[in-house]
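Next come two complexes, and both contain chain A; in the first it sits with chain B, in the second with chain C.
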Partner chain A sequence: MTIVTGKAEARRRLQPGTAGTLRKIWEHRADYAYVLPAIAVMLIVIAYPIYYTVELSFFKTPPGLQLRDKTFIGFDNYTTILTSQVFWKVTWNTLIWTLGSTFISFVLGFATALALHRDFIGRGVLRAILIIPWVISAVAASYIWKWIYHSDFGIIGAVLVGLGLADRPPNFIDNVSTVLPSLIVVNIWREFPFAMIMMMAGLQTVPDQLLRAAKVDGASAWQRFWHVTFPHLRNVSVVTMLLLAVANFNSFIIPWIMTGGGPSNASHIWITHIYELAFGRQRWGVASAYSVLLFLTLMTLGYFYVRALSGNERKEGSA
Partner chain B sequence: MSILAIETSKDRFALAQGGMGEPGRIPMTRITLGSAVLRGTVVTALMASLMPTSALAAPPVDLSKWSPEYVRSIAGTQDFDTAADCAKVTPLDYKGRLTFWYQGVFEGDPDLLRQYYKDFFETFRKTYPNIQLEEQALTYNDLLDKFRTALLGNAAPMAVRLQILGGTEFASKGYLAPLKPEDVGYSTEDFWPGAMKAVTWEGVTYGIPTNNETMAFIWNADIFKRAGLDPDKAPATWEDVVKYSKQIHDKLGIAGYGLVARKNAGNTPYRFMPQLWAYGGGVFDEATANPTYEQVQLDSPQSKAALQASYDMYVRDKSVPVSALTNQQADNQPLFVAGQLGMMISHPSDYNVMLDLQKKATGTDKDKAQTVIDNMRYGLIPTGPDGKRAVVFGGSNIHILKPEYVEGGKVDEPAAKAIICMWTSPEWSLKMAYAGSNPGNLNGFKTKWMKERLDNIKFLDVTTSMLPYGIPFPALPQAPEIMNIIIPDMLQNALTGAMTVDEAADDAAKKVKDVMGGL
Partner chain C sequence: MSTIAETASRAPTRRRMRVDGWRWAGRIFLVFMLLYTALPMIWMLITSIKSGFAATQFPPQWWPDEPTLASYQKLLDPQNSVGQDFLRFFWNSLFVSTVTTILSVIVAVPAAYAFSRFSFPGRNFLFFAVLLRNMFPAVIFLVPLFILMRAIGLVNTHGSLILTYLTFGLPLAIWLLKGFYDNIPVQLEQAARIDGATRFQAFIMIVMPLSTPGIIATAIYSFIGAWNEYIYAYTFLSKNEQLTLPVGIQRFFSENTTDFPGLMAASFMMSVPVVVLFLVLQRYFVRALTEGAVKH
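Take a look at the complex of A and B:
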């Protein structure tokens, strides 16, 4: 009687597989060689900083000392962040900023794409004009909007006062209640062309014969949109929204230039707060822990993004 | 001497009276100083208290006589040969390479300054043709962030010119190499004693001041007149500022006082700290002769009173720009020249900035700007309720880095000393501060360019007159965070209603204690 241990059995089962994998790798050695430089660069500029950020997040880095004088404190930085009132306020801002910007940009972009999908005179010109906000430098756009919103001499305020609709210019960005919505408007203005382009590309893939068949069957415009067009755009919609969400979570330029996170932290979002903690206040450890949290959030979004893409591929493969 | 740099009603510096019975305003070139003896006593005591023992030796100018007349009398009395002086430090044919970052000109600076910066680097390259200079200009608000980041990666430049606030932070962390004026051919006595304090950490000198300045108060006489105020009289106290601001706003519908409360902007502490100190408050005891920085005073009744004054103007009276929370001084300048702002704390360079803005204006705006410039008046910064007057002692310093923090691990010391010798020379420390500051090297006041400057730059007398009232920021490594983040946060919390004045001051005091490690 032969007694086979669990380990030996596992090894036995593994061997052919391992050999197979190695053989496959060897067969594709040229492919690996092609991607090797890119992987090496990624390891240097992405993997190492991520590792270092995670490591630093477990250390106390007193602002009065050099970074090399850091001391290990375990999860204290995470506790500090999660028990901080400011963190929750900033998190709330981040959620409003991200969800508000993403959702409205998408809806506006989609609506514009649907409108531009029809054939009419001047469509090309209009499409080019609508893309302008997306191609303008975010820095330049932020400064322009800062003056448009200016609480004393902004264009909007001047028009409203000039038309007699307001006694004094509205306070857009120097007020804790209005600053975040005002910045979201700027962000939407910049982002919706991206959603528009994505959805316009998606609309090209909707089979025309299906729409015609639905029309012949007596489907209304809404029914054709809801039952034919929209299902075809589901995947591109998910991808667009995820890309927008990731971009918005990482959005730094508009809030930083226009308000610096103020007034009174009312427009701080995670990324601007992390920047201030790290570079303004030199709390490298806390800022690193914060960055790890942001990284995990973005990885989660990234996971769904990849899943959405794989779903697309599977669907296309099976079609 | 306990009051250091703060005037009290009893020993008020005679300059404030201008000898013309107009408290707070100094008419150009006609200042008759009152009691020279009293002034001399106050200034001598002031300077002595700021001065390290060694500096009591022989300063190149007599600080006890400091007055607009004295400054005028010494201007143009001595010639200096910069190249010859610096050749003694680093031979002119020296071959080397230097990386150098500096706080350069930015959008709020006058064009004149831009030209002098350009001239400096051209002259340096001509004087030291074999030194390969790689310079990089950064704005005030960006320099600290970028420099800190570079230090973390051991990628700093060999030499750096930092704002006065930064010297202590980097010296205390051990990034800077010891460097004193004697190392580049000058003596410690050649520089403002208060400025030398800002480059000294635990008894060792780590840099050399390039320029030093104090601000003054400017107002638009035409706006004052139309608002029913005396056009030739500056507000004597901060309470007057609050009152005048309201009166201007109520009568004319424009902003009275140019409040600035943006976070991460150097303009904010430079404008709020004089108010805080005048009311008798402070972050610590930095306004005293021998500060110990042991007790946080941001939550004191005096500090709260200063904050309350800002609150009254912004919230209660709505008499200052609503945009103050996101604005900096560069945003107030166009408002002032457009005749939409009555008064503000002003940099010495603001007169030239206004001239530049006027030149760039077109059509009727040009005439409007000219009217504002014609009506521009400079005076001393107002006092607090007890007659205290104070202003931030500002400026910049130049430093050499330790090799281990520099890209490549090497510092070309002779090359670094060459540029430092030139920049801190009487000639260039004056020229580089021509329109916006004062020479860090006191000998700069004796040059012919100072004489020319006195004739060309209007109101220079007034801004130099504020120098004796200057209080340096706390010489602590935590000072940048306190000044650029905690102080503006306190203002924003109070002005937005996120906190009451009391809560905002208490919150700021707690933050300072935390930053200081639980004071």
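Take a look at the complex of A and C:
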């Protein structure tokens, strides 16, 4: 158990090669005890499921999870998916859902963080209120908004009619063309506070002296933002957007509770579609193949995520 | 400081106008965001104190003619079946979330400490592997986990949920805590060890107290995550008496689709514990994000 010091660094450099690695592992054997519980849980709940999903994606499976009767069919599940109409429809929905939610949440969260950066009376209270949607359960949020969008008694419809903008309450979530944007509004409601917290934390790291210096030099508010604040926040922004993108790509509860993917697949995204294939229609093989495709997509996103994170670390190391 | 203030006050009027413009834009924007955030929640509260009849009027009653707490009474009354169910779901959620929280702190603290302090082979790989868990949606793990849980006899037990929830709390927990440990000078521990403390004692007496805000943040995060989780609970549990709140409420109201005041009251009460917890402890959370995640 060595605390990383210069000496340990030097000792490590003396022992290159495989023997050195093994010896290093042996020397550090006690260190692993600290991470072992975390790794063990992860292995059970992650590694095994991933392996199993990949295996299942090459099999035709009978319904009801009687998996002993599965038959090997190679890549058939994948061809079934990629040639189906629904796949492309759902992919398009997923893209709109993920990019729309991520981008708008980020912009709203960032703008709120900037507006809250200056101290004023009631700032703490306001910040607390703005964070609440992020904390409450997505199930509760879905029901609240479902009630707000209700086609007969919904408040938005009533307001629109009251203002004379509509003859009768519009049907937001049973309409193919409005359902996805309506759900994105709900999702943004729940997610912009996360971007806000992250960017508020980020704003605290922007050195005040630089901003004051820029002000003395005659930079306008916009110039100060664009040339001083924003470059400082680039890393936080990237991490925040990636985290949001992943969360949105993986979201399930809002579309599932509010519409169940309907009407006519207009609000199905990958996740809800996979869930329906697996647990609704019991097509485990196809659902697994879908999951593998999803997995590959996420690995690509994950690559950028790790790069953004380790980029930060490298920067910190050199500072 | 004073010179800066003077410079600012002597700045040409036109520029001050522009700065004021931004400030006004900021205020208007904040009012807009406040309305966007708060109105749905206010409407939830107003609906929850209506009668079933008053909720289904058009145009809606902006404020109920006869406010009533009937929905809350019904949900909290252990005498009738609705109240019994709701209280049981509430208790189940509380139990699962609390156990998950305690376990994730116990597992995350040593792991984060090791990731921060020791350099063992594979450290970076393991660290990123832990973080990558965050990338994958529940659905990928659902089928195999269901089969796994069935094989080890955990389906329809709260154990299946606790084990699963642990894994999603862990990545962020470890990440946040690692940031904290990175900021605690190693010298403090070394000093303690020179004074004769074992590494474990140094950890318990020096490092743990200093990282309390991080541990609190981790605990809040795990608790909220477990309290709000839906998809695993929806899949792993089928017996009514074991359901947690999100699934229980969904089951209940898919049978009673028109009881909107009841649904809103239930949504409100489901939100209260996590919102209160978060508001009380939020400064730790924001601080943990600043120190753990952002400066990282």
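What to note about this one:
Here is the rule we go by: the second predicted complex is superposed on the first by the 300 of 319 C-alpha atoms of A that agree within 3 Å, B and C clash if a C-alpha of one lies under 4 Å from a C-alpha of the other, contacts with A are read in each partner's own complex, and residues count from 1 in each chain.
Quick note on the criterion: contacts are C-beta pairs under 8 Å (C-beta built on N, C-alpha and C of every residue); 3 or more make two chains touch, one makes a residue touch a chain.
None of the values given here were measured: they were computed from a predicted structure.
In the superposed model, A:Phe58 lies in contact with neither chain B nor chain C. Look at A:Trp97: by the touch rule set out above, it reaches neither chain B nor chain C.
Of the two partner chains, chain B is the only one touched by A:Asn171; chain C is not.
For chain A, the partner that touches more of its residues is C, with chain B and chain C as the two candidates. In the superposed model, A:Ala266 makes contact with chain B only, not with chain C.
Legend: residue contacts after superposition of the two complexes on their common chain; A:Met258 is shown touching chain B, with no touch to chain C. Using the contact criterion defined above for the overlaid structures, shared-chain residue A:Asp152 touches chain B and also reaches chain C. By the touch criterion defined above, A:Phe106 reaches neither chain B nor chain C.
Within the superposed three-chain model, A:Arg281 lies in touch with chain B and out of touch with chain C [touch as defined at top].
Residues 65, 67, 150, 152-153, 169, 279, 284 of chain A lie in contact with chain B in one complex and with chain C in the other. Those residues of chain A that touch chain B in the complex are listed here as 62-67, 146, 150-153, 169, 171, 173-176, 258-266, 276, 279-282, 284. On the chain A side of its complex with chain C, the touching residues are 1-4, 8, 21, 24-25, 28, 31-35, 37-39, 41-42, 44-46, 48-50, 52-53, 56, 65, 67, 108, 111-112, 114-116, 118, 126, 128-133, 135-140, 143-145, 147-148, 150, 152-153, 155, 158, 161-162, 169, 189, 192-193, 197-198, 200-202, 204-205, 212, 215-216, 220-222, 236, 239, 243, 246, 249-250, 252-253, 257, 271, 274-275, 278-279, 284, 287-288, 291, 294-295, 298-299, 301-302, 305-306, 309, 312-313, 316. On chain B, the positions that touch chain A within their shared complex are 145, 148-149, 152, 172-175, 255, 261-265, 321-326, 335, 340, 477-478, 481, 484-485, 488-489, 492-493, 495-499, 515, 517. Touching chain A in their complex are the following residues of chain C: 4, 7-8, 15, 18-19, 22-23, 26-27, 29-30, 33-34, 36-38, 40-41, 43-44, 47, 55-60, 106-108, 110-111, 113-115, 117-121, 126, 128-148, 163-164, 166-167, 170, 174, 186, 189-190, 199, 224, 227-228, 230-231, 235, 245-246, 249-250, 253, 260, 263-264, 267-268, 270-271, 274-275, 278-279, 282, 285-286, 289-290, 293-296.
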